[in-house]
Amino acid sequence: MTNVLLEARGIGKRFGGVLALKDVSLTIRCGEIYGLIGPNGAGKTTLFNVFTGLYPRDGGEVEFAGKPLQLDSPHRVAAAGIARTFQNIRLFGNMTARENVMVGRHVRTRAGVFGAILRSRAEREEEAAIRRRADELLHYVGIADRADDLARNLAYGDQRRLEIARALATEPQLLALDEPAAGMNATETAALRELIEGLRRDGVTVLLIEHDVKLVMGLCNRVAVLDHGEKIAEDVPEVVRANPKVIEAYLGTSAH
Amino acid sequence: MDILLQQIINGLTTGSVYAVVALGYTMVYGVIQLINFAHGEVVMIGAMVAFAVIAALAGSALPPAVIVLAGVLAAVPACMLLGYGLERIAYRPLRHAPRLAPLITAIGMSIILQHLALLVWGRNPIAFPQLIENPSYGIGGAAISGVQIAIIAISLLMMGGLSWLVYRTRFGIAIRATAENVHVASLMGVNADRVIAATFVIGAALGAMAGVMYGSYYGIAHYTMGFVLGLKAFSAAVLGGIGNIPGAMVGGLLLGLVEALGTGYIGDYTDLCRWPGAAEGGWMGERCADGAHFVLFGSNYQDVFAFLMLILVLVLRPSGLLGERVSERA
Amino acid sequence: MGWSVKHKLGLVAVAVALIALPFVLAMAGTAWVRITNFAVLFILLSLGLNIVVGFAGLLDLGYVAFFAVGAYVYALLASPHFGLHLPFWVILPIGALVAGLAGAVLGAPTLRLRGDYLAIVTLGFGEIVRIFMNNLSAPLNITNGPKGINLIDPFRIGDFSFATTAGALSGPIKYYYFLLIVLLAVIVINRRLQDSRIGRAWVAIREDEVAAKAAGIDTRNIKLLAFAMGASFGGIAGGMFAAIQGFVSPESFILNESIMILAMVVLGGMGNIWGVIAGALLLSFMPELLRYTVEPAQKALFGRMLVDPEVLRMLIFGFALVLTMRFRPAGLWPETRHRRELDADRK
């Protein structure tokens, strides 16, 4: 049996009187691409924000890589090994592509103010390593030629890639992608699919929220379906696809 | 004289002015999340315009009530126009700029307005002419003046009026919807531009009244009066929960009380000679001989209370007394 | 370092010009050297504020309070007021530390909240520091109230005093060289911080705080670091101000000064070191500029002064803030990122 990377038990989240997540439990195994789908407003992004420490949760536990995960602040989650991207791309617009990725190395490096001011040998070496790693990652996601461009000047698809490179720079064990194909055309989606498959080959576990059901079904090892804040299915794509509850959830929403 | 009751009366007076000014901050913050630093200056200009008109008419044969009314009727529209102009010219073009831009513009506008007022009215304060007798009434060992009664009554009336506008009218629904979510409100047919401009104009009108009241209470209007008044009113808005209209009212009154009581008693409580065991050969020794005082902090620290309150709220309950917990939208 | 010959020659020319400058200025009058010294002091302050506002995107509206803290620390530890006469190289670090600490104490409760709260809290803090400077004269005389503290020691190294004239080296010229060295050090520090792990984290927070958190930055601590560092720069500048002036009083540390420093940073271009320096130079020489242009012009046109130059100065600062934000948010001298990248490559 493959190792469990992340296990969530009974996650709940309330916004005022609205119950956005109800007792959600799920298990992500090492090395798989785990899809999270569901109709609009089902709570996918909310769950994501809870997992990455952006929202405080109202109950439940998360165990990550065998240890309880501190969910009180996003930077600790990043340090623990979960990196994420955002549905509506959030880059540092006035920094170059390379600098964006270099920021991702922050959590794995340690130079402080005095190191920076004195430019000690250790600091210079670390800085060079950060830069090298950033260039490697830009190359990996296929935008090495845009390294010196400001992030805000990149094409849409390249911005998505840059965001993934920045997330990878934190050396995540789990990469969480929030609708990476949103707004992409067919060609860009195909390229993205290749990139994600490449990640799996290289041993990165991926949590994928996606609206594009075809992409999820073709890519994921296992899929969970959320509806009205509850998990209604979790299994391999073929089984999930045939689940009557899932079909109802999707038809139910598309009927209005 | 009952000092406690007297300080409560004084605190309620300044507190109701703080509350009215705080409403201007909180309404604007509610709809566009901007600290309108220039609001304090709008209040100041309200006071200056009113006092200039009143001083000019003071020698005429008009009855005093008419003169005061003329001052108010000049100040309120002038400030409404100013509030509208501020939003239209300074803030609206920056609505989609990075957060720092409107904030820096706001402090810039505040400096510009303050120094324009200095150019127009000079460095000297304008005094409120002796027009009307200010009768004083005794209640329970304390005194309340006619001006104080007027200030508290007018403030409560305006707060009531604003509450009615916001919670009981169609336009109020539009304001609250915009505060909740500008985009959704626009989709629902709310003209967000108009609502935002309206909050500035209403806030400025309230501010003008507050300026006149504050000036009448202290008898003078001065080009620098808006700065500290604005800081305190903003603290009051934060105390009540920024963006929350009833919160601004509660915060203002509470801040006024804390400030009045604090100023009234800080001298006594920080007088080391009155501390147990200090005087009469105690650890303060000769310094307390013959009923001498050793006051660490006297009433000249009055302006510190609002700031301490602000810091305390930010540490203990940043959402304010009546505010909801706000989490950053991802 | 692969500097080209042209670069090296340019550098030498600038160095010679900066070294010769005070003697040229002294020919026009020692007052000009003093004015230049204050301009350099304001460059230092702007560079300190630039870390807070420009790099980390935190609006500090009471920066002059930290300047005041540094100045009073120096005044209290090196004047007859308490009879203490510590040497400057002991006091300046103490001033930096106290100012930085004040910044941390003020920032800690504020920086976990939305950025606007910092603006209002710093604005209030500036006012509070002024109230304390004015009133901490009784019952124990700590600050000497509105009268201020006089007869502050100049910088002294052994028998070498910065206040006396030795040959062609007048007091202000000596301070000029001292300030120049400090300025160079501060520029180097700023440049290095900007291109470091910490500097990138600051800019990332400025650009998008949520994304910065998600990328693993402990935003609260990193913001606090920027705020405390900026404050300690202000503290050092304050110490030098006290020594050069020989006198401190609360009225040197009013809100208008904070606004002026902010205007220097904003006008020059937030986050852009050379732009900020240019902005600080422009605005600190402006009073002289006004004195030689606007004042005579007004007298000639209207026969008297209609607009007080001090009022005009503040109006200009106000308009500088508003108009820059509206029309040139990157400042008058925007940084060309491309060139910066080339600089980085050359190292």
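In this document, chain identifiers A, B and C correspond to the written order of the chains, with residue numbering beginning at 1 in each.
Simple rule for what comes next: a contact is a pair of C-beta atoms (placed from the backbone, for glycine too) under 8 Å apart; a residue touches a chain by one contact, two chains touch by 3 or more.
Just so it is clear, the model here is predicted, and its values are computed rather than measured.
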{"item": "Most central chain, judged by mean C-alpha position against the global CA mean", "value": "C"}
{"item": "Most widely separated chain from subunit C, with each centre as the mean of CA atoms", "value": "A"}
{"item": "Where subunit A and subunit C are represented by their mean Cα positions, the distance between them in whole Å", "value": "43"}
{"item": "Distance from subunit B to subunit A - Cα centre to Cα centre, in angstrom", "value": "47"}
{"item": "Whole-Å gap between the CA centroids of subunit B and subunit C", "value": "32"}
{"item": "Per-residue multi-chain contacts in subunit B, two or more chains", "value": "328, 330"}
{"item": "In subunit A, residues with contacts to at least two other chains", "value": "54, 86"}
{"item": "Residues of subunit C touching at least two other chains", "value": "210"}
{"item": "For the subunit C and subunit A complex, residues of the former touching the latter", "value": "189, 192-193, 195-201, 203-204, 207-208, 210-219, 225, 229, 337-338, 341"}
{"item": "Subunit C partner contacts - residues on subunit B that touch it in the complex", "value": "33-35, 37, 90, 93-94, 97-105, 107-112, 114-116, 118-119, 227-228, 231, 234-235, 238, 272, 294-298, 300-301, 303-304, 306-307, 310-311, 314-315, 318, 328, 330"}
{"item": "List of subunit A residues in touch with subunit C within their complex", "value": "52-54, 73-75, 78-79, 83-84, 86, 90-96, 99, 102-109, 111-113, 115-117, 119, 123, 126-127, 130, 148, 150, 166-167, 169-170"}
{"item": "Residues of subunit C defined as touching subunit B within the complex", "value": "53, 57, 59, 61, 109-110, 113-117, 119-121, 123-125, 127-128, 131, 134-135, 138-139, 209-210, 255-256, 259, 262, 266, 270, 307, 311, 314-315, 317-322, 325-326, 329"}
